[in-house]
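Shared between the two complexes below is chain A, which has chain B as its partner in the first and chain C in the second.
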Partner chain A sequence: MSLQFVVDGLLTGSMIGLGAIGVTLTYSILRFSNFAHGDFMAWGTYATLAVVSAIGATFGKVAPIAPLSFGWPLIVALAIGMAFTALLALLLDKVLFSRLRSQGQAIIVVMASFGASMALRSLLEFTFTSRPTYFSRAIQIAMPVGFGIRITPDQIALLLLTAVLVLGVHLLMTRTQTGRSMQALSQNAALARIVGIDVASVVRVTWVIGGGLACVAGVMIGILVQIRPFMGFDMLLPMFAAAILGGIGSIPGAVLGGLIIGLAEASAVQLIGAEWRAAVSFIILMAVLFVRPIGLFGVRER
Partner chain B sequence: MSEIVLDVRDLEAGYEPGVPIVRGASITVAKGEIVVVLGPNGAGKSSFIKAIAGLVPITGGTVFLDGKDITAAPAHTMVRLGLAFVPQTENIFPLMSVEDNLKVACGILERREIPGRIEEMYSAFPDLVRQRRTPAGNLSGGQRQMLAVARALIVHPKVLVLDEPSAGLSPKFVSMVFEMLANIRKSGVTILLVEQNAKAALAIGDRAYVLVEGKDRHESIASELWNDPVVAELYLGQRPSQAGKGGTA
Partner chain C sequence: MDLLGYGAFFLTTALIFSLVTLGLNLQWGLTGLFNVGLAGFVAIGAYTSALLTTPDDAARLGGFDLPILVGWLGAMVVGGIAAALTGMATLRLRSDYLAITTFGVAVVVQLVALNAQKLTGGPFGIGFIPRPFGGLAETPLLFNFSNLAVVSVVTLIAYLALEHLSRSPWGRVLKALREDERAAISLGKSARFYRVQTFAVGGAIMALAGALQAHFTGFIAPDNYLPILTFQVWVMLIVGGSGSNLGAVIGSILVWAIWAGSGTLTSILFPPEQQARAAALQIAAIGVMLCVILLIRPNGLLGDRPRRPWFGKRAKVATAKSISPS
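Right, the complex of A and B next:
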């Protein structure tokens, strides 16, 4: 058998993992499952695409940075897209989630996020149609790297980007006052206020991180696969599976959960057929939860 | 009496509108004092002290800290205003290390001041040093209480407010906690505490109030409250010493 599934799995896993970071943060800090998270991905990707097009229209054709398939416009557009997605998350929280949260029933917020998810997705279809689109139609030649594995320069760049982002978020959570405040809020909201933490500002940081990373994950899918209004929604179940598998609230857990599910899916495609792709990740999820219900890196509440 | 640090006048507070739990309670705390608020079960002691800390909605009356009106101040601004609160239960972050529990409370300190301040807390509470990397949830009951108090003191509060610091502790730790509070006062910190354990609290307190049905009903010098017949009556015929034996409710 070919080991190609390792590269495919790591890439899918990176996309899932980056998205799962936002899911796990929202769940542990705001205490609800945000079903609109996948649509943040799609909106971020379309925003990035719009900026790339705008740059293209203004500066003309920009040569890609060899050997990658994209040039500086995509990098600039990604930064703008991340900011846009963060703002979108903040806006949705202000007009919808924060009001419902203050009434104190988590299930209502979850249902509202489901509604928001459908509304956001429909708006994308309305604006951009449901036809798939691409950042670039250039075809990259995959380089053989031994053991029957081939990888493209884009894929290497995106794996490195994922590693940098994950490390950055992990350091933020464990080494900075902002990160400690986020941990504190997830463990005991009342005590967090008592020790002087402004809950509203920590909630904003949570949305900014979750939204920004969702945009990166979406753009990765856009570069490696394609851009569709459903691209984020289709990632929702694997993202939740990764967050639960890794242990709710754990950043390394979410990423590791994503990689496990990505690798499991990719190996299933190779070994037993593509139609089993989704099933395999959920079998693994259930098996782990039977043995360790709190997930790999999860911690029992008190 | 010396300078008043905390001045609570006719405080009314409760979780639901129209259902006050605290119904017009007034107390003062002077600089350097230990003031104890006692009262039978359900007297509203805990709600009273939580309302001062901004955790129970205040519907009437005023709270002044160092002459400044803090009645409407949100809970998270209290440490900046100079009031540090130690809740009765769940007063530490269980999954964070002891050191991170201290660090997370340092938001209002200058960045360069923080390491020195943490070392000062370790020298004041030597039991915590060995556990600095331990998740706070693994500490013993007495050590948790120390950590909660250290975390409150780290920001140089003008007044330290505690809700039943001896609740749920074994007798050995109870005396340790009160000894700790007496020492903290010696270092110049003003203390307000609510207690069930009347005897131990009065032994270290300067003045005491008795709260009944959400109102302050009696005030006296701590050492005299013990033998006051009015107080026995307020405790529904019980001597405060007997009420104190209930301990942890």
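Right, the complex of A and C next:
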């Protein structure tokens, strides 16, 4: 078996991991599993695509940056798309989740997120139809890097971007006051309130980080695979599995979980066949639930 | 005459949906177990019964040509076992884990239905499933009404059995667990054991509904069991009011009427090439409707009792409250 699966696995794992950060933060701070998170990905990607075509219409054709398949328009569009997805998450929280949270029935919020996920996805299907689209149809030549592994410049750039983002979020969570407030709230909400942590602002930061990273993960899928209304929904199970494998609330755990699942999926594709890929996350999820339900870096519930 | 036949056909489908909703009501309405993969359990029932009752087929496993009743019983057994296993894996953990796991079950069942050609016929599905009154197919009206009669009888039996169950000592334990878990446990009732039982019975009812549907249409394919099915049934239960069996049945008929009606409307109003988009809009509208009902009337049309679902740990109620912006 060729070692190519390592690169494929790391790439899939980055997408899953970036998405899983949002899932794990929502779960640990807002205490519900958000089934609409995958659809944040898809909305972010379509928003980015819309901005890219808007820029293309205004400035004409822009040449891509040297070895990459995309130019500055995509980078600008990604920033706008991230902001858009963060706003979408905040809006959905304002009109739906926060009101249900105030009724104190956590599982109702999960169900509402399920309904919101259906509505969001179907709206995308209505607007853009279910036909797949692409950021670029150009084919990149993969460079051999030894050990039988080939990698394209796009893939290297996206892996680097993931590393930078993950490091950034990790530093934010561990080194800043905001991050410490988030951790406090996830560990003991009542106590966090007593010491005067601004809960509303922590909730906002949670949605902004989750939404922004979901958009990046979606755009990665868009660049490397394709853009479809179902692209996010299909990532939901791997993201949940990664968040639980890493331990709910742990950012490094979510990313590591994502990478493990990505590598497992890629090797399953080589060994068993691509059609069984989606079962990998389920098997890993079940194994974690049976063997170590708190995950790799999880803390036992108080 | 046509209208009468369509009415019978409509009611048959709606009653099969109510059977699924009754199963979900047992799991969610009575016990607070969150199942977002019910399409998977419906599919398990449909495929089990199809495998047991179809004539021998060289292209795949079985076709055992057994009587239809055996198929239905088999569907309930397999569906119940699948649900029990899911419950055993997750019910000792936080309630969200059950949601995520059932979601995974649906994904995996869909995958098996699509890819395990030897077992499920793959994307082409299974045909030639015997129908209870296949001999009457010459006269559609009679055929439709005999189907309706069978489905009505099965739904009625399930309804009465569930009503009886919820009043029986077993049902009282479930209510006690829902209302005050600690008190029930202190009386020596194992919360996990009762929940696994409920989840298994609910799964068996869903599987039976899947089997009924398979024998009613005579053909099944993986496309019948997409997440949209789960979503439809949830809307039916929430509209009807979770916790009430009667509400589950009425909600199913009502929502199916809205669904089928708006489907007919879009097919009249929109040109063929826009049909797929119109259907997407229809789903979006129903999704919004679900959220609105949860916001303004979380107990549905008939569910008026105050309900406290299971949280795994009571402390979370307090934390969930304290997080909400005041």
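We adopt the following convention: the second predicted complex is superposed on the first by the 299 of 302 C-alpha atoms of A that agree within 3 Å, B and C clash if a C-alpha of one lies under 4 Å from a C-alpha of the other, contacts with A are read in each partner's own complex, and residues count from 1 in each chain.
Here is the rule we use: a residue touches a chain if its C-beta (ideal position, glycine included) is under 8 Å from a C-beta of that chain, and two chains touch if they have at least 3 such contacts.
Since the model is a prediction, treat every value here as computed from it, not as a measurement.
Novice: Now for A:Ser281: first (chain B), second (chain C), both, or neither, which partner does it touch?
Specialist: The second partner, chain C, only.
Novice: Tell me which touches more residues of chain A here: chain C or chain B.
Specialist: If we count touched residues of chain A for both partners, the winner is C.
Novice: Under the stated touch criterion, which partner chain does A:Ala184 make contact with: chain B (first), chain C (second), both, or neither?
Specialist: Only chain B is touched by A:Ala184; chain C is not.
Novice: Looking at A:Arg193 after the superposition, I want to know if it touches chain B, chain C, both of them or none. Which is it: first, second, both, neither?
Specialist: Once the two structures are laid over each other on A, A:Arg193 reaches both partners.
Novice: With both complexes superposed on chain A, which partner does A:Val299 reach: first (chain B), second (chain C), both or neither?
Specialist: first
Novice: On the A-aligned overlay, A:Thr58 touches which partner chain: chain B = first, chain C = second, or both, or neither?
Specialist: Neither: A:Thr58 stays clear of chain B and chain C.
Novice: Could you pull out which residues of chain A sit against chain B in one structure and against chain C in the other?
Specialist: Touching chain B and chain C on chain A: residues 190, 193, 199.
Novice: State the interface residues of chain C toward chain A in the complex, per the touch definition above.
Specialist: For chain C paired with chain A, touching residues are 32, 34, 36, 89-90, 93-97, 99-101, 103-105, 107-108, 111, 114-115, 227-228, 231, 234-235, 238, 276-277, 280-288, 290-291, 294-295, 298, 308-311, 313, 316-326.
Novice: Looking at the complex, which residues from chain A come into contact with chain C?
Specialist: 27, 29-33, 35, 96, 98-108, 110-112, 114-120, 122-123, 125-126, 129-130, 185, 189-190, 193, 199-200, 203, 233, 236-237, 240-241, 244, 275-276, 278-279, 281-282, 285-286, 289-290, 293, 301
Novice: Using the touch definition from the top, list the residues of chain B that touch chain A in their complex.
Specialist: Within the complex, chain B contacts chain A at residues 53-55, 74-80, 85, 87, 90-96, 100, 103-108, 137, 151, 155.
Novice: Under the stated contact criterion, what part of chain A meets chain B in this complex?
Specialist: For chain A paired with chain B, touching residues are 177, 180-181, 183-184, 187-188, 190-199, 299, 302.
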